[in-house]
Every structure is written in C-alpha cells, then in structure tokens.
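Read from first to last, the chains carry the letters A, B, C, D and E; within each, the first residue is number 1.
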Amino acid sequence: MKTALALIILLPLVGGIGNILLGRLLPRRVVEVTACSVIWLSFIASLFAAGNYNGPAVVEMGPWLSSFTFSAPISLSLDSLSLSLILMITFVCGLIHLYSIGYMAGDPGYVRFFALLNLFTGAMLLLVLAENMLLLYLGWEGVGFCSYALIGFWYKEAENATAGRKAFIVTRIGDIGLAIAVVWMFKLFHTFSITQLNQLGPSHPGVSMGLITALGLLLLLGAMGKSAQAPLMVWLPDAMAGPTPVSAQIHAATMVTAGVYLLMRMFPLIGGSTVVVAAIAVTGTFTAFYGATCALAERDLKRILAYSTISQIGYMMLAVGCGAVTAATFHLIIHAFFKALLFLSAGCVINALHHEQDIFRMGGLYRKLPWVFWPFLAGSLCLAGVPPTGGFFSKESILTAAWGKGGMFYGGLYLVGTFTVLLTVIYTLRMVFLVFGDRVPTLASRLEGAKASGPSVHALPRIMEIILIPLALLALVGGAAGGLLEYFLASLNGSAGHVRLATEETLKGVASLVVLAGMVIAWLYYGYGSQHREVRIAGAEHPPTRLVAFLQAGWYFDRLYDWLFIRPFTWLATILWQRVDEGVIDDSLDWTAVQFGRTGQFLGRWGSGRISVYMLSLVAGATLMIGWFAWEVL
Amino acid sequence: MMSMADIQIALPLLILAIGALITLICGAIGRKQTTGYLIAVIAAVGAGLWSMQTPPALLAPGLGLSASGLTRLFSAYFCFMAAAVLLFSHSYNRYRDIAGEEYPATILFATFGMVALASATNLLLLFLGLEAMTFGFYILAAIDREQDVSSEAGLKYLLMGALSAAFLAFGIGLLYCVRGSLGISEIMQTTLAATVRDPIALAGWGCLLIGMAFKLSLVPAHLWTPDVYEAAPPPVVAFLSGGSKAAAVLLMVVLLVHVAELGTLRVPLFGLALLSMLVGNMAALRQNRVRRMLAYSSIAQMGYGVVALVSIQGHGLQAAAFYAIGYGIMSLAAFGAIGVLEANGCGAELDDYRGRGFTQPVASGALAISLFALAGIPPTVGFTGKFLIFAAAIRTGENALAILGILTAAVSIYYYLRLVAALYLQRGAAEQTESISINDTVLLALSCVLIILLGIFPAQLLDFLKIQLL
Amino acid sequence: MTSLPVLSLLIVLPLAGALALIALRKQENVAKYLAVGIAVVELFIACWTWSAAGQQPPGALPGFFLFEDFSWIDSLGIRFTLGMDGISLLLVIMTALLTIIAMLVSWRTIRQRTVLHYILLLVMESSIIGVFLALDLFLFYLFWEVMLIPMFFLIGIYGHGRNIYSAIKFFVVTLVGSLLMLLAIIGLYVIHGRQSGLYTFGLSGLLGTSLDPLVGLWLYGAFLLSFAIKFPLVPLHTWLPDAHTDASTAGSIDLAGLLLKTGAYGLIRFGYPLFPEAARTLTPLLTIMAVAGILYSSWIAFAQKDMKRLVAYSSIGHMGFIALGIAAWTPVALSGSVLQMVSHGVTTSALFALVGMLASRANTREISAYGGLWGKVPILACFFMLFAMASAGLPGLNNFVGEFLILTGSYQVAQSATILAFLGLILSLVYTVRLVQEVLFQKERQPLPMLDVTGREALILAVLAIGVFYIGLHPGPLLDVLHLPVALLTGGTP
Amino acid sequence: MIVPLSHLLVFASVLFALGVICVLIWRTNVIMVLIGIEIMLNAAMLVFVAGSYQWGRADGQVFALMIIAMTSAEVSLALAMVVYLHRRKNTVNVDEFRQLRDR
Amino acid sequence: MEQTLFYILAIVTVIATILAITEKHPVHAIIYLVTSFFALAVVFYLLAAPLIAVFEVIIYAGAVMVLFMFVIMMLDQGNPEEARCPLLVHCLPALVLAGIILAALLLLLSGRSTPVAPIGGGSEKRLLDVADFAITLFKKYGVAIEIISMQLLFAIVGVLYLGRRRKP
C-alpha cells in the first residue's frame, strides 16, 4: 500500500522533473510517452490501491518539516473520498495527456508543456492524498503554480501571461485564507494532521464554536480562490488563455475541484458550525447562478464552458453546504467526466477551426466533425442535467439535499438552484445549437466570400477524437455510479437531511420538467430553423444590449476589482516608492546630510584667514572660561 | 653637583641638543644636505633608544627631570617620531627645494622641547619645554620659503602662540602665587583638590586652560590649525599633530594625574571637548582641500582626547595617553603619505586625489588605512583609542559627552570616506607611476603595521600606561 | 577536533588567503584560482565542523559544540572567545558557500582590479564568519565594523551608477547605528563590572546582568537600532536599495546574502539574551517594524523599474519575516527565522546572480528592456522562474519552510501582526509574478544579445538550486541542528 | 610686605587686560599686536615676582627671567617674519595676510 | 613710604600703558611703553627682585623696544597718518572681552580665601637677595637655562633662515 501511494504521487512528479531536466535532450516521442505513461502507471497504482482498500489508512513516508511541536511529516491518507478522487484524477488526466499528444503536435514547447502537465497532476494528487495540512498546502500551491505556468503557456501573448498571473494571484489570495486557517488550527490543536484535526474538532478544550466558524470561513476563502467561487471567480474565465488540455485539466480533474475537496475533507471539523455551512451553501448557490447567467451571454466557446464550470462547482459547494458530501463528490466526479469531455471536444472544434472561438462564427459542424459532435452532445446533455445522464442524477441529488435541509433558507437555495438548472439547460443547448447546428450565412461568412458554406475545417489527429469516446460513455452512464458512491462515502456525510423516497421522486419530476422547459426555450431561441436564431446571429454583429453586456463582462466584476484594488495598488505602489520612500525617507536623510554640510561650511567660515578673528575667538574663549570660574565663585 | 645618574637621565636631552648643534655646524661648513639629515636621524634615534633603557633613578632632583616610565615612553616616542619625520622630510624637501641644515636642526630642537616637557617635574621646565617645542614649530611652519603662504602660516601660528603663551604664563604665575612652588605635584594637589577652592587658582586654571586649548587646537582657539596644516610641509604637519599635540596631551595628563577628580575644571573641559568635536567634524565635512580637512579632523580628534581627560575617574588619562600616541602614528602615516603623494604631483584639492589609489598604491594605501584609523574603524589603533575614550567616559558617567562624541564621530566618517572614495572609487586624470623612495615605503608600511598592531594588540601598551598612571 | 583551533582557522584562513593574494596581484589567473580554492577549503572546514555537533566542550556556554578562548586584552576583560552552535554553524556554512558563489559570479565580469576584488571577498568572508562566531562583545563589534570596509570597496570600486554616493551612504548609515551600539556595549560592560566587580566583555559573563528597566531599555534600544539598520527594517532601510542598485553582482550577493544576516544574528545572539526584559518591552515595536517592512517594501518592489532594485526591496521584505520570527521569540518562529536567513541567502543570491547574468548580456537592468526570455534562453529562464518562485514562497522550495515556521510560531503570540504578514505573501507573489512576466514572458521588447548559461553560470545556479530544493524538501537536518540552541535561547526544554 | 598680594595681583590683572585690549584693538598693525603681547607677558612677570615676594622664594623670579628671554626670542622671530612678509606684501596689516582661509 | 611709592608707580605704569596702546604713532607708543616698563622695573625692585628689575630695563626697555623701533623704521611705519586709527566698532568687542576678563580676574584675585602654609620648613619670611636668586637659578633650574639658550640660538637660526635672500 505504501509503495502504491508513493508511486501514485511520485510517478507524475518524477516524470515532470525528468522531462524538465532531460526532456530537451530526448526525442519528442519519448517525452510524450514518458509523460503519458507515468500518469497511466499512476492510475494503475491507484487501481491497485483501490483493490487493496480496506478502510481508511494513514501512511507515513518520511519526515519533512519538524521543529519542536511543529511537525509536518510526509504522510498520506487514503480513505474513500481520496480514493475515489485519485481514481478519477489519474484516469481523466491520463486521457487528457493522451489527447495532448495530438493537440500539441505542432508546438515546439512540448517539453515544458508535458512536464508541467505532469507536475500539475502530481501536485493535485498530493493535495488529495495529503494527510496533513502542510502537505496539502504544498499540493495546493503546486497546483496554483502549474496552472499559472500552463495558462500562460503561450507566453508570447501578453494576455495569456496576464491571465496566468491573474489566476495565480487571485488564487493566492484564497490560499492566504487557507494558510491562516492552517496556522490557526495549529495554534488551537497543536497539530497539522487532518485526521487528528477532524477527530479533535470543536470538542477540543479551548476551542469555541466561534473559532470553528472563523476557521471554516477562512477555509471557505481558500476554497473560493481555488474553486473560482464568488467573489474570487474572476480568474477562471481568463484562464481559457491556456491550451485546451490545460483548461480541461484545470476544470475537470484538478485545481478547481481542490476547493470543494478541501471543504469536504475538513467537513467533520467545520460542519458543526451552521454559519460556515450556510456561508458555503450561499456562496455555492450564488456562484452557480452567477456562472449560469454569464454563460448565457458569453460568445466564446471556452469561456462558456468556463462559466459553466464556475456554476457547476457552485453546485458542489451547495452540496457541501447542505452537508451532502456524497452528492458533492458524486457531482464532482461526474462533472470531471463531462467537463473534460466538453473541453476536449471544444478543443477539437477550436483546433479544427484554426483557433476560432466565437460560437456565433461557427455552425454546421455536426456534419464536418461527427466524431466530435456526438461526444460533445453527450457532454452537453450531461451538463444540462437531462435525464438520464449522470449529470441529472448528480445534480438532482444536490438539489434534493438542499430541499431536504428544509426551512426558508435552504428552500430559497433550492429554488435558485432549480432556476439555475433552467439557465444551464438554455446556455448549454444554445452552445450546442450555435456550434453544431447548420449555419445560415452570416455577415462574417459573407465577407469571407465564396470560400465555403461554413468555416474551413482541417483534419484532427485521430487520437484527439478517440479520447472523447470513453469520456462520453462515462458521462452518460455515470449516474449509475451514484448508488455505489453513496454507499462508499456514507461515512463522510454530515448532517444532510434525509428525504423520503416520495419527495425525492417528486423533486426528480420537477427537475425533469425544468430541464424540459429549458430545452424548449433553447430550441425556440436557438434551435435550428427558428426565427430567433437568425435574429440572434445577426444581432451578434451589433453592439450588445446593456444586459447582455453586463453578463458578458461577468457582471463587471473585473472592472470593479480593477477600480477597487488594482488601480489603487499600482498607484499607491508608485506613490509609496517615489513620494514616500525616495521623497520622504531618503530625502530626509539626504537633507540632514546637506544641513550638516551647510553648518560645517558656516563653521568653516570662522576660519576666515583674518588673524584678528583668530585672536578674538581665543580671547573670547578665555573670557568665557575665566568668566565661568568667576561665576562659580560667586 | 651633577651625578652620573643625573647625566643618564638628562642624556636624551643632551643628545638632541648636541645633535642639533652638530647639524648646524655641518651645515655651516657646507657638507652635503644629506649629512645633516643623517646626523639628525642618528641623534633622534639615539636619544630615543637611550630613553628606552631603564635609568638608575627615576628622578633627578637637581635637574628637575624625571625618568618615570611615562616620561621615557613619551620621550622615546617623540624621538622616533622625529626620526620618522626627518626621513619623510628628506625626499619631500628635495621635491619642494627646502634646502639647508636649519630644517633637521629645528626638528631636533622641537624634539628637544618635547622631551624636556615630557621629563619636566616643575612648571618652569614644562613651560619652557612647551614653548621651545612651539618655537621650533614656528620656524618649521614657515620653512617652505618658496611659498608665500608658508610664512603667513608661520606668522599666524606665532602670533597666536605668543598670545597663548602669555595666557599660559599668567596662569602659571597665578598658580604659583597660590602655593609658592613650581613643583607639579604640589601645585596640583593644592589647586585642584576637592577641598580647596581657591579663587586665584581658578583664575590661573582659566588662563592655563585657554593656553592649552591653543596647543591642542581646541575650539575656540583652533583657528590657526587649518592654515598651518595647509601651508606647512606635510612631514612638519605630521610632527605637529603627532608630536606637538601628543606633547600637549601628555602635559595635561602629567598635570591631571595628581588629582582624583576634576572638580571645577570639568565644565570648561567639557565645553572645549564638545565644541571641538562638533565644530571640527562639521567644518571638515565640506572641505575640498585635503589638508584643511585633516586639520579640522585633528581639531575633532583632540576633542576626543579632551573627552578622555574629562573622564579622569574611568581611566581616562590612560586612554588619553594611548590616544595621543595612536593619533600620532595615524597622522604620521596620513601626512607622510600625503607628502609622498604631493611629491608625486598631487595637488591640494580633493579632486586631485582621484584615482591615485591605483596609480600610487603604497602612499594611497597608507593614507587609506590611516583615514580608516582616524575614522575609528577597527581593527586600527584609532578604534581602540576611541573605544578606550568612550569606555572611560561612560565609566565616569559622562554619558552625554560620550553620546555626542560618538554621533559626531559618525558624522566624521563622511569626510574620511570622501577622501578614500576619491582615492579608490573615482577615476583619475592620468595614469602615472609612483616614485617613492625606499625609506618612505618602509616608514609608511611600518606606521600602517603599527596602526593595525596597536589596534589589535593594545594590551601591552595599555597595561604599561595603567601602571604608570595609577 | 578539539585540539585544533578550527574556529580561529575559519577566520584566519581567508585573511591569510587575502594576504597571499596581495603577493600574487600580478598573476590574475593564479590569484583567482587560489581565491576560489581557499574559499572551497573554507567551505569544507565549515562543513566538517558539523561533525562536532552535539559535543559540549568545557567552559563553553551550553549549546556551543565548539569553543575557543584565548587571552587578548585582559586588563579590559576582553578575550578572544569564539564559539559555534547550531545557529552559527548554518550561517557559517552559508557564508562560505555564498563567498564561492560571489567569486564565481564575478569570474569574468570583473575585468579591472581583479585580484583586489577577490581579496575583498575573502576579507569579507573572514569578518562575517567572525561576526557569527564571536562570543565576546568587543570581538563581535570589531568584526561587525570590519566587514563594512570590504563592502564599501565592493560597492564603490566595482559598482556603477552613483556608486560613491551609495557606498558612503551605506557606510555612514550603518555606522551611526553601530557606534551607538558600541556605547551600549560599553555601558553594559560598566554596569556589569560595577555589579560584580568583574569587568568583562564576554557574553557568558554579561548574560546575567540585572539592569534597571530604563537603562536596559536604552542599551537595548541602541543594540536594536544598530541591528535594525543592518536588517534593514523600515524605515531604516533607505541605504539598502541604493547600495544594491549600484553594487556589483558579487557585492550584492555579499550584501544581501551575508551582511544583512548579521543584523538578525546579532539580535538573536546578543539582543534578546542580554536584555530579555527590554527586548520584551520593545517587541511590539520590532513586530510593527517587521510587518511594516514586509508590506511596505513588497508594495514598493512592485513599482520598481530596475530589476536589481526590485530584488533589493524584496529582500527587505523577506528580512521583515525574519524580524517577525525573532520578535515572536517562540521556538518554532526562531528556528524559522534562522532557517529563513539561510534560505534568503540562497534565494536572493541566486536572483542577484541572475540579474547580473542578464545585465552582463544585455547591458541593462531595466525590466522594460526584457521580455520573452523564456523562448530565447530556456535554461536561464527556468532557473529564473525557480528562484523567483522560491522567493515568492512556493511550498516545496526553501523560503516557504522558513516563512511558514515563522508565521506559525508568530501566530501563537501575535495574531493580528501575523495576519498582516500573510498579506505580505500575496504582495510578494504580485511583484514576483510581475517580474517573471515582464522578463520571461511576453514578446521580446528589444532585440537583446542573449546567450544561454555558460557552464560556470550553470554550476552556480545549479548549486543554489540544489540548496533551494534541499531546504525546501528536506530541512530536517538543519532544523535538528538548530533545535538545541533555539531551545536554550527561548528557554524551552531542549 | 609693602602691599598685600591681592593688590599686586589686581595691578597685574589690569596690565594684563590692557595687553589684551592692545592685541585686540590694533588688529591691523602687527607691531602693536606684538606690543600688546609684551604687555601681557609683563603682567605675568609681575605675578611671578609678586609670588616670589610673597613666599620668599626665588622660583618666581627665575620664571620671570625666563619669560624675558623667551619673549625676546619670540619677538625677534616674529619681527623677522613681519619684515619678510612686508617685503612681499608691503604692509604690516595682518588681516591682509589671508591667502590661507576657508573657501 | 615704599607702599606709597608702589601705588604711585602702579598708577604711572597703568597710565603709561594706556597711553601706549591708544597712541596712533608707533614711535610714541614705544616711548610710552618704555616709560611703563621703567616704572614696572622699579616695582620689581621694590618687590625684592633687583635682578629682574635690571633685566627689565636692559632687555625689555632697552633691547626689545629698540628692536621694535628698528623694525618700525625699517618698514617705514613712522608716519602717524598712515597708521589707521582703529574703529570704534572694532574696539567694542575688544573692550567688552577685556572688561569681562578684568572683572572676572578682579573678582577672583581680590578676595584671598585662606592662606596656605608654605611647603617645607622654610616658613621664615625674609627678603630675597641676589644670592638666593642665583642659587635657585643654577642649582634648581639648570636645565631651564639650557632650554632657553637653545631657544635663543634657534631664534637666531630662524631669523637667519628667514632673512636669507631667496634664490633667483
């Protein structure tokens, strides 16, 4: 077991580091094969671990940091939650790696790409398996760094680099929350071990519920950053700047799920605080709604998917907020499958269209890319939560949990969540219709002239399309895994209210109806042949209306932060530097020096060269001295 | 009747006097220039060596001379200093065309005065020794007849010196009136003991102190210093700060060693020290003429010396004596180096020193080391000296003086560094090679070694002084 | 081991080497190799002393596993006392290592007055090791000031820009503090002497001096001022950016890697143990200055246009963390501070070395002149990224370990200050990422002549990179060796 | 004892002060400055003689004699310098000798 | 008698000195000064210092003053028109400083607190004679004679050096 766990983490890390060090010397194929094989070997190791799994286990690998009471060994823990996640991560990442071989076929920076991709996976695995908070933090930040480097992979474009930077900094803000929480927990519990923390919990002497709440909120801050939850979600849409496999990996398997994972992990500790739980639920719900609205107006294919991720992660948060850790995990895994699927197929589309990402400039692709269309459709349905796809079940279980909590508050959350389902269906199908639906000649294509009836498409590497199939299958039938997980993760569930079967069925029915309604609306607006579709496509050329612009700009959060933080920050940085540091501190020193010099010059003028002055001053000194003595005697 | 012992004690004085006469005679009968220097150096070294050996008695009552350890130490120091200065002068004077046997003879005469001062046990000898030494420097300051400014400096020095001598004489006279004796220890015990507060003695001390302030170039009697330093030949300046000022410090030490505390004298000395440190260091900050800068620095350094004198209860005299010797060696190195640099065509301005550090490594190196020493940076004698002074000040409880002193010392770093920066950090105009005589090289190296050795291993000298000044 | 005066050897060897170099000043190549050879030997000796860890020689303070005591100026109670404990050990090894790095960095870039450069580096090494080993306050002070001289010349002779201004500023400002410290040392000496009748400058003797609270405060204030200037803590830092900007690469490495550490070391070794009460009273002040330093300098670093200045400001920020850890004075925080000193030495030196390498190629340090290096010089860029990230405190790399220990330890006693310090972590990432982006990423802004690393440069960077990873991933041995001294200092159980 | 010591000392002080005035007033004429110094030294001699008279010891007289000798040496040197400088500048106004000064 | 003589002489001395220092004409000033020195010499004589009185007359009033005269004549300073009268502004600081010194000295010197007994058994108050002086001078202060003679020698050396013509 120990070996297996060690291998799971080490293999990707070794692969990554090996490629960094030696990759430039090796032929391309070797690099690619190494990169993929380490992940798949890691998957095999995970399978092995799963096979031998018999209850939670903690394995200590060796020492890392230890000083007085401060002790953070390299120890891993395997329990049902982490096991299911590592299986998912290694599998999905493995597929993404394979896909990347095709995707990155023409790129000269492949060594860096694969190395970072490996490290990314390794860091995520470390995050998941870590037994103590410090190790988790190591993975956590590692993920952040890799995402930074990968989002800015095509570094020559300033926007890409900026996007990476934004991701890194925004998530770092959340990380600080986590870090403070870690340090605080150490102060309270004198340990970094997650198992111990969860065991000690609020019952520990000197720990009040208020403290737990504070800790929970800090952890939530961390999760917000990593999982792109409001208000720290602004980095995710921009993170699309990276290569598509990176987006897939960020959205599906690694990175964004880390926040949710953290909350699930620490749920036994923080779940007791109603405030924290409610905060998590509200955050999730709001973010879900926010993401869905933004996706509705977005035109960039990948950004739509990004907003959808924000939204779906919001659901997971809602689930955690409702205490339904199982549901969250379930949705997390299903989401991983379909989001990977969607991204990878979107990558195919974009690749095929020479990096065209505006959905209003696409269309008619279902004929040209049938191998992409069907998987994409499957993924979309799953995202939309159309029964009986996996997405339907996972999302349903979340909503049920929300309903099950009862009360005005959670009821309200349920309603918002359900409404968001409607929006989800609409924007998903909008995307599908616009991308794949037959194309009516638009302004753009008319301008392009008689080239073709649709955008020109170039052939895709086979491997990219093959990868989509298993994912599509998993997305479709993943719902069946729900029961299994339910059983598997039962121990993790918090105070999720139990719902009677009848209610559950009713809720499912409601959900199905909502989905259906959404499909109808989407069809009416964007469906093939509807009038609205033409209007929309034509309208896309004009400046957007105020509401659309508002949504497209992500509710102007970016601009708000720019005004609130970035500008004052840069402005003040210059002020501090030039006015305060050089203007006050430095200049006051120089000023003092100059004054000393002036005084000296003044004193030097005493030595005027006139001997009468010399003698006068000598006599004056004598006068003072004798006068003083006389004064003394008086 | 003079006994053998008396002669042994007086021998250094005799050697110096006779050496001076022989030098003059040699010049008169027209021997080569070098002969005079040679004789003078031999006389100085001989006198120095002689003072180092233990005499049969510590006192020659019939002559009013003492041969205590302190006396012998300082006599030897003055003699060796004179020898070094003579050697430095030899090449510098050739460069400046200062011919004649008067120069070495006068150096010997000044040394004679210093040694007399150092061995005096009564105020008459002390006064005469002091005046003889100063008189020698009047001549030496004006010795460079090629320059107008040189005799100007001589006259300024002379007028101020005469004025201060009048004050000194008047002061000593008043002290004499108090006790009817010129013996140092008697007068000191009468006039400074805590129980006696004789107004006449106070008036005498007032006059005496201002006279000493001139000799030590303390503010406000300091103004002659920059002028003399600027105009006199560098070796003479070295002798002035290393010999004359050390002798003046020694004089104060010899006077004050007889009392346990300063009493009324504290405030004037405090004021002198404070003013000298402040004015000296500040005025040097913006000086562009190197020698004037060092003159102001010497004013400040003497201020530190007075801090030591004020701190009499905390082994301050020991510190003062140590510092006097240390300062002498530092100025010997500094002005010796400046002499060599000037002989190599370096002007008086700071800018003329630019880049010399690499074209004239020996002289510049010595100058830099002595500058760091003057600035009080370890491991030099300057640091150890300052350390002792401030330790003494704090032990005595003169905290304010110590703090102000250390702050002015910090300010002073600036101008020392300016010169170092000019030497090493700036580019000079022309690359030229150094022409430096072998004896200059040896002397510079020796004084630098002494600066550092005394900085690192001051223990022996200190212990010696401690025993002498107990 | 005990028979050989290793510690004196550590101090004397570089000095002897410097003297030998003076003799060899005409043969530059021989001199260079000799200098590096001496530095390497020094490093070996320094590492070898580790083997003595755990011993307790007679007469030594507890925790010191090597101890040498020679008679010096006995009449003043000054002795030549050297001692090495875990803290000194790490710092001495770091000093020896960074000296080699500094020498190698300037291997080709220093073309004039070459031999003098190596002499200065050796003298610098000797004096800094002296500071780290001295257990007599006089001796400590001696080394403390001696190290200014070679640094002055390193900035002045081999620097550029306003090098004279910077060199003099550096010297004068740091000296103002140390001179006041000298007075405080003397004051302590006198007070102790009056109390016990035994006048001594030895640390072991002075440790138990009982001071009037006000007097203690004044004395400690002087110590703190001196150390804070050296640290440097805001607002006493103003000499540092200038000194760095105008110094040569080797000068910057010595300055940031070694010289700044002496301030922190002094505070740990002398400041707190000698004046425990006063230190406790002034701890809030230290904390405030530390946190202010972290935030303020990190903020300013963001606006910098000159790469080296940016690194200089960042260095002030990192030193703020060290100060925070010392202010906390808990075992964990203190271990963290010491470890962070080493880490910071490694990282910042590497960054300065990189900036130097870039500047020597492109002849400019303006950030806005660079861009797109990632594609042009991948290996260099890779190292750049690594060290930048280490500087930003990425876990797994060296700075994280120290910083996290500091923050953890400090959080136990100063919660709000630590939270502010955490914000500093964000700021440090912000400027690092900006630097990385503008230098490595984006399009090439000017056609700069760029070659990838040479073998010598690769060696330098690789050694430092190993340091980064070693401390980041396996700091165990270092923390173990710190355990005993830190425990003794903080009064915890060893 | 013809007069009390204090009267002698007062007399000497008056002379001394007059000498000081002479030195300071005649700032322009080096000869008068020297004369002032002579007056001051005479005052000092008076003090010594008075002291020796008071205590019945000859030390003070010896000192006074030495002052006379010293003064003559100093005066001769000073006058030589004055002559020397006068040859150059054609003035005895000391304040015009100010090539050396802070600039 | 002697007492009266002393006071008269003292007043003469002071007045002559005042006249000397206020006189514009250097030659006149010297004459006044010689007068003052003569009076002072008599005071010395009254104070049992006949030798000093003689020296005062011979060396001071004689040699030194004659030297001054020589120089004045040599430098052609004998014209009172050329000798500028000191301005009042210049006088003021001098008068103030000297006034303070005088006042302080008078304050300190006039009131003698406690007489101290002379050292050594010689408490007998007897008038000194020339023999006393000579014995003291040669027995006790032999070295002083050496020093002062050296100084006189070097005065000659210095004057000769300065008087030498410069090389063309």
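Following the convention adopted for this analysis, a residue touches a chain if its C-beta (ideal position, glycine included) is under 8 Å from a C-beta of that chain, and two chains touch if they have at least 3 such contacts.
Everything quoted here is computed from the prediction, not taken from an experiment.
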### Message
Strictly by the touch rule at the top, which chains does chain B share as contacts with chain C?
### Response
A
#### Entry: Central chain of the complex, centres being mean CA coordinates
C
## Note on the structure
A student comparing D-E to B-D should find more C-beta pairs in contact for D-E
### Query
Among the chains, which one keeps its Cα centre farthest from the Cα centre of chain E?
A
### Query
From the C-alpha centre of chain C to that of chain D, how far is it in Å?
64
### Task
Could you grab the centroid distance between chain A and chain E? Build each centroid from C-alpha atoms only and quote it in angstrom.
102
#### Entry: Centroid distance [mean C-alpha coordinates] between chain B and chain A, Å
77
### Query
Counting in whole Å, what is the centre-to-centre distance of chain B and chain E, each centre being its mean C-alpha position?
30
### Summary
Multi-chain contacts in chain D, i.e. residues touching at least two other chains, fall at 5, 9, 16, 19-20, 23-24, 27-28, 33-34, 45, 50, 52, 55-57, 59, 62, 66, 70, 73-74, 77, 81-82, 84, 94, 97-102
### Summary
Each of the following residues of chain B touches two or more other chains, namely 122, 124, 128, 131, 135, 138-139, 142, 151, 155-156, 159, 163, 167, 174, 180-181, 197, 199-200, 202-203, 206, 226-227, 283, 287, 411, 414
### Task
Note the residues in chain E that touch 2 or more other chains, in rising order.
93-94, 97-98, 101, 104-105, 107-109, 111-112, 118, 140-141, 144, 148, 151, 154-155, 158, 162
### Task
Pull out all the chain pairs that touch, please.
A-B, A-C, A-D, A-E, B-C, B-D, B-E, D-E
### Message
Which residues of chain D touch chain A once you look at their complex with the stated criterion?
### Response
20, 23-24, 27-28, 33, 94-95, 97-102
### Message
Per the contact definition, I'd like the list of chain B residues that touch chain E in the complex.
### Response
10, 13, 17, 20, 24, 62-65, 100, 102, 105-106, 109, 112-113, 116, 122, 124-125, 128-129, 131-132, 135-136, 138-139, 142-143, 145-146, 151, 174, 178-181, 186, 190, 196-200, 202-203, 206
### Message
Which residues of chain E touch chain A once you look at their complex with the stated criterion?
### Response
93-94, 97-98, 100-101, 103-105, 107-108
### Query
Which residues of chain E touch chain B in their complex?
104-105, 107-109, 111-114, 116, 118-119, 139-144, 146-148, 150-151, 154-155, 157-158, 160-162, 164, 166
### Task
Spell out the part of chain C that touches chain B in their complex, as residue ranges.
72-76, 113, 138, 141-142, 145-146, 148-149, 152-153, 156-157, 163-164, 167-168, 171-172, 175-176, 179-180, 182-183, 186-187, 189-190
